[in-house]
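Here come two complexes built around chain A, the first alongside chain B, the second alongside chain C.
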Partner chain A sequence: MSETKKYKKVAYYPGCALEGTAQPYDHSTKALGKALGLELEEVKNWNCCGAMEVKNIDPKIQTYLSSRVMSIAANEMGHDVVMAPCNGCYHNLKKAEYDLAHDEGSKEVVEKISKKAGHETYKAGQVETIHALDWIKDSIGEEGLKERVKNSLNGMKIANYYGCMYVRPRHIFPEKDQGPGSESTSAPHFMDDLLEAAGAENVDFPLKTACCGGAHTLSDSDTSTKLVLNILEAAEASGAEVIATECPTCHSGLEMHQIRAEKVLGRKTNVKIVYFTQLLGMAMGLSAKKVGVHQNISDSMDLMKEKGLA
Partner chain B sequence: MTSISDIEAKIDAVSPDRGPDKAAADYLQLAENVLEIWLEAHDKPPTQDTKEGFRLLALHRQGAKGDGSFNACRETCRELCYRYNLVKQANHAPEKLAAAQQMTLLTRHLYLFISGKMQVSGLGDFCCASKPLRINEQQLH
Partner chain C sequence: MPIHEKHLIRPENLVSHENLVIDGIDVSGDWSTFIRSRVVPDYNENLQEEIEALPGGEFIHRCWQCGSCTNSCTMNAVNPDFNPRYWIYLIRMGFESELVRDKDIIWQCVSCNKCTYACPRDVVPEGVMKATAHWLEHKGYTPKSPSMVFDEVFSEQVIERGKIEDGEVVLNFLTRTHQKLTQPWLIEMVKRLMKHLPVKMLATLGLATIFKPRTKGWGPARDAIKDYVKERDEAATDALGPHIAYKKPETPEQIAAE
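Moving on, here comes the complex of A and B:
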């Protein structure tokens, strides 16, 4: 079977969302890893990455919070790779890495607080932070997935929605836009590649990285609902049966505002919202229940049955 | 001058079914109007320049100068130009129509994002742009 040693065993940083609203993402990521023979070791005593809230008040505190996660993985667990499936966590760890490599002020703050907190200070370059998409793409790859498919996704029409934080801002992702084989910040394709290898048919979806208004979902729900509705309608207009997601904030935003759009605006959409790890898990022969499809708010069980996946 | 609140109705009034080429030109114009309104609201005279053959891309670049969050609509602008080219170059009517229909949703997304930014200061600022909203107001460390 095709695979590389790269990322075979990584430190797993689930982040808060995967312990709350995005539990199906957590379950399916772990189940998929196991099915593919990849090992995840959860970062011990991890903390919030600083998300939006802390970054908004004081970005250097967010840098510290993210650096602590990386410090534990590197200095206490001996890992050199941290895998974060949440776009927000992934983005924040990458931002912290960038800040610590380029900003003396951030380094000073991180050193000062780490000392006070009683753990080793994280130094830029000690770990590589990757997303769940990098993890599967670089350890198993498309050919490896094709060899392992037990239940093809059977031409399921999928719109791949990456959201914003997976690719922006560009400067914190130096490994992207490096030519063939690398991820693109303007036209990301890793999720498309993996799902196609599992038998899906990716549709031409023009809003792959468009803003879903996630950060304003509580303060300005109407704008968020309209932005999400437009994404859902664009997916349907592109012929998609499913929107595949790789971010818990995007995923719950799409699910919740799909319901709200129907209630508030009277606009119903039928496209299903499913994590890419759930789709790949089912393609690898795991049951829909095992990957938590029944836990999603967007009910896709009938579609999965129709496709022979549940 | 069109106001931001007029744009949504104008987007709805364009009909790709009645002629994809005309619709594509109308959508591009409306997308430019959206960015012009944003720039004028920020005391920046909208550029007449083009980038890669499109004024929309030049307007986007102008809006993004000093405002990283504006890149959250960069791909929407680029997709609009791409779909416009598809409409102009497609040989078959169904392809032309499909590309023009996608322009409807792209133009609407651009409108929603920018009008959201005009109503709620900071939409997109602190997530994908990684830009703190209250930097230096207080030092917590």
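Moving on, here comes the complex of A and C:
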């Protein structure tokens, strides 16, 4: 593949969640990059992207927040690719990119705030924002992964859960839905492809892009619990042992409401929730502890031991 | 119940008498049932403009009522009364009182964007839901929704320090919405978290709650955002027209009516 070395060195935007509750995702992403010979340079003095909250106060402030991160990566660090493992960060950077290219009002506000804040205004097109999935898929690819597998996932039955922010709305992801090789917004498959290359067996899971209610995980817990329980039970019905996640909000939402469903609704589910970077890391020969499996609330250490991965 | 029926005939508009004799003929019960004629007293010609003036509501005029939004809606699957297409219809028609009937559920939109994905007219129904929820608060029909409180707690932290700390957001939210920290599922989650966490991670999480994470060199950006917010608020006050302050229900009847 001519694109093999495409993302060898990228700017890394972890985001707030990966510094807090989603530390295992941060650790495993870094460890996986190292194992695959991919270099990550953290965006200097990055700020929060605004997640799903600031946009409800003012979408233009949210656009500014994302633009500042991209401006630092492009203008102060000289990068042309920013990699964000968090769906929320990834989504917001993409959305800011779209708004700055198409909406004069947003552009005006961003210019004004950037100028006052004393940094260069980000201009649409300066960087390409990618997700951790694109990062592995386009730099290493399935074939590359297969060659590097040291510890096959051994037919582990996995339901791949992508969530909302990775695929919707379609217009902010112009590179998706572009035919063979590109990601699909209706039936995403990058995580499936990568985990299959690492030896997993992907189950037929119908709720890949269903919503976990992450935006209201605390403010409307009862709804979130219902939505999560639906996802967990569908995964179990599909025969999955593990739900692979690629978003810290989905991940902690699934973990939290799995417990809440058990305590409040009395519906217990046993499916384990693991970040896809943790699964790939273990397949690359890293120990379960190294990729932080023991730090997940959903306790999957026994399963990993059973599979010969821990 | 299909929407058109619900819209036209409401239980409270059905009148029947247990005992009614007219001209010597007993017409008690179902025989005397009639529907009160429906009057729209507070038709608001500007409703669509008001929603359009709020962030997210800009494209509501494009809607041609195909119903793709409601059909794909995550919340509609949980609660059939959650109906974006119907609310867009009411807003465009100016049926303010009818819209306000659903004031307590509109904020529940989870922003999954399935509607935006499905919409053939780029109405961005997700944005319309947020604009409508804001409108209800601005107009004084509802107090701040839990979601709004959460958004505020979160945004305040981001604007102040450039970053958030999850623990603090959760704590502030639960305090501001007067929720107990001793809910059984919350305790269970903390227990499971403690069981496996290495001392080092506990220490970092603990330290983060004391020494709040902040973005280096954030000061100028914070001030610039605050300036922008001030200017924006002044402009918005003029655009929305008179506000009715929300009054907390006090008498038992008012509380029951809530």
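As a convention for this text, the second predicted complex is superposed on the first by the 307 of 310 C-alpha atoms of A that agree within 3 Å, B and C clash if a C-alpha of one lies under 4 Å from a C-alpha of the other, contacts with A are read in each partner's own complex, and residues count from 1 in each chain.
Here is the rule we use: a contact is a pair of C-beta atoms (placed from the backbone, for glycine too) under 8 Å apart; a residue touches a chain by one contact, two chains touch by 3 or more.
Quick caveat, the model's predicted, so the values are computed rather than measured.
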item	value
Combined model on chain A: chain C and chain B, fit or clash	clash
First, second, both or neither for A:Y122, with chain B first and chain C second	neither
Touched partner set for A:E233, first chain B, second chain C, both or neither	first
Touched partner set for A:H216, first chain B, second chain C, both or neither	both
Partner chain in contact with A:G50 - chain B first, chain C second, else both or neither	second
First, second, both or neither for A:K208, with chain B first and chain C second	first
Chain A residues touched by each partner, larger count belonging to chain B or chain C	C
Touching partner for A:P59 - first (chain B), second (chain C), both, neither	both
Touched partner set for A:W135, first chain B, second chain C, both or neither	neither
First (chain B), second (chain C), both or neither touched by A:H294	second
Contacts of A:C164 with chain B and chain C, given as first, second, both or neither	both
Those residues of chain A which chain B touches in one complex and chain C touches in the other	52, 55-61, 64, 109, 112-113, 164, 168-170, 210-211, 213-216, 219-220, 223, 226-227
Complex contact set, residues of chain A against chain B	52, 55-61, 64, 88, 91, 95, 109, 112-113, 164-165, 168-170, 172, 186-187, 204, 206-211, 213-216, 219-220, 223, 226-227, 230-231, 233-234, 237-238
Touching residues (chain side chain B, partner chain A) in the complex	68, 71-76, 78-79, 83, 101-102, 105-106, 108-109, 112-113, 115-116, 119-120, 123-124, 126-130, 132-135, 138-141
Footprint of chain C on chain A - complex, ascending	16-17, 19-21, 23, 44-48, 50-61, 64-65, 68, 109, 112-119, 164, 167-171, 185, 210-211, 213-216, 218-220, 223-224, 226-227, 255-256, 259-260, 262-264, 294-297, 299, 301
Chain C residues within the chain A interface of the complex	55-56, 74-75, 78, 108, 110-114, 116-117, 122, 124, 130, 134, 145-152, 154-155, 158-159, 162-167, 170, 173-174, 177, 184-185, 188-189, 192-193, 195-198, 201, 204-205, 208, 213, 215-218, 220-221, 223-225, 227-229, 232
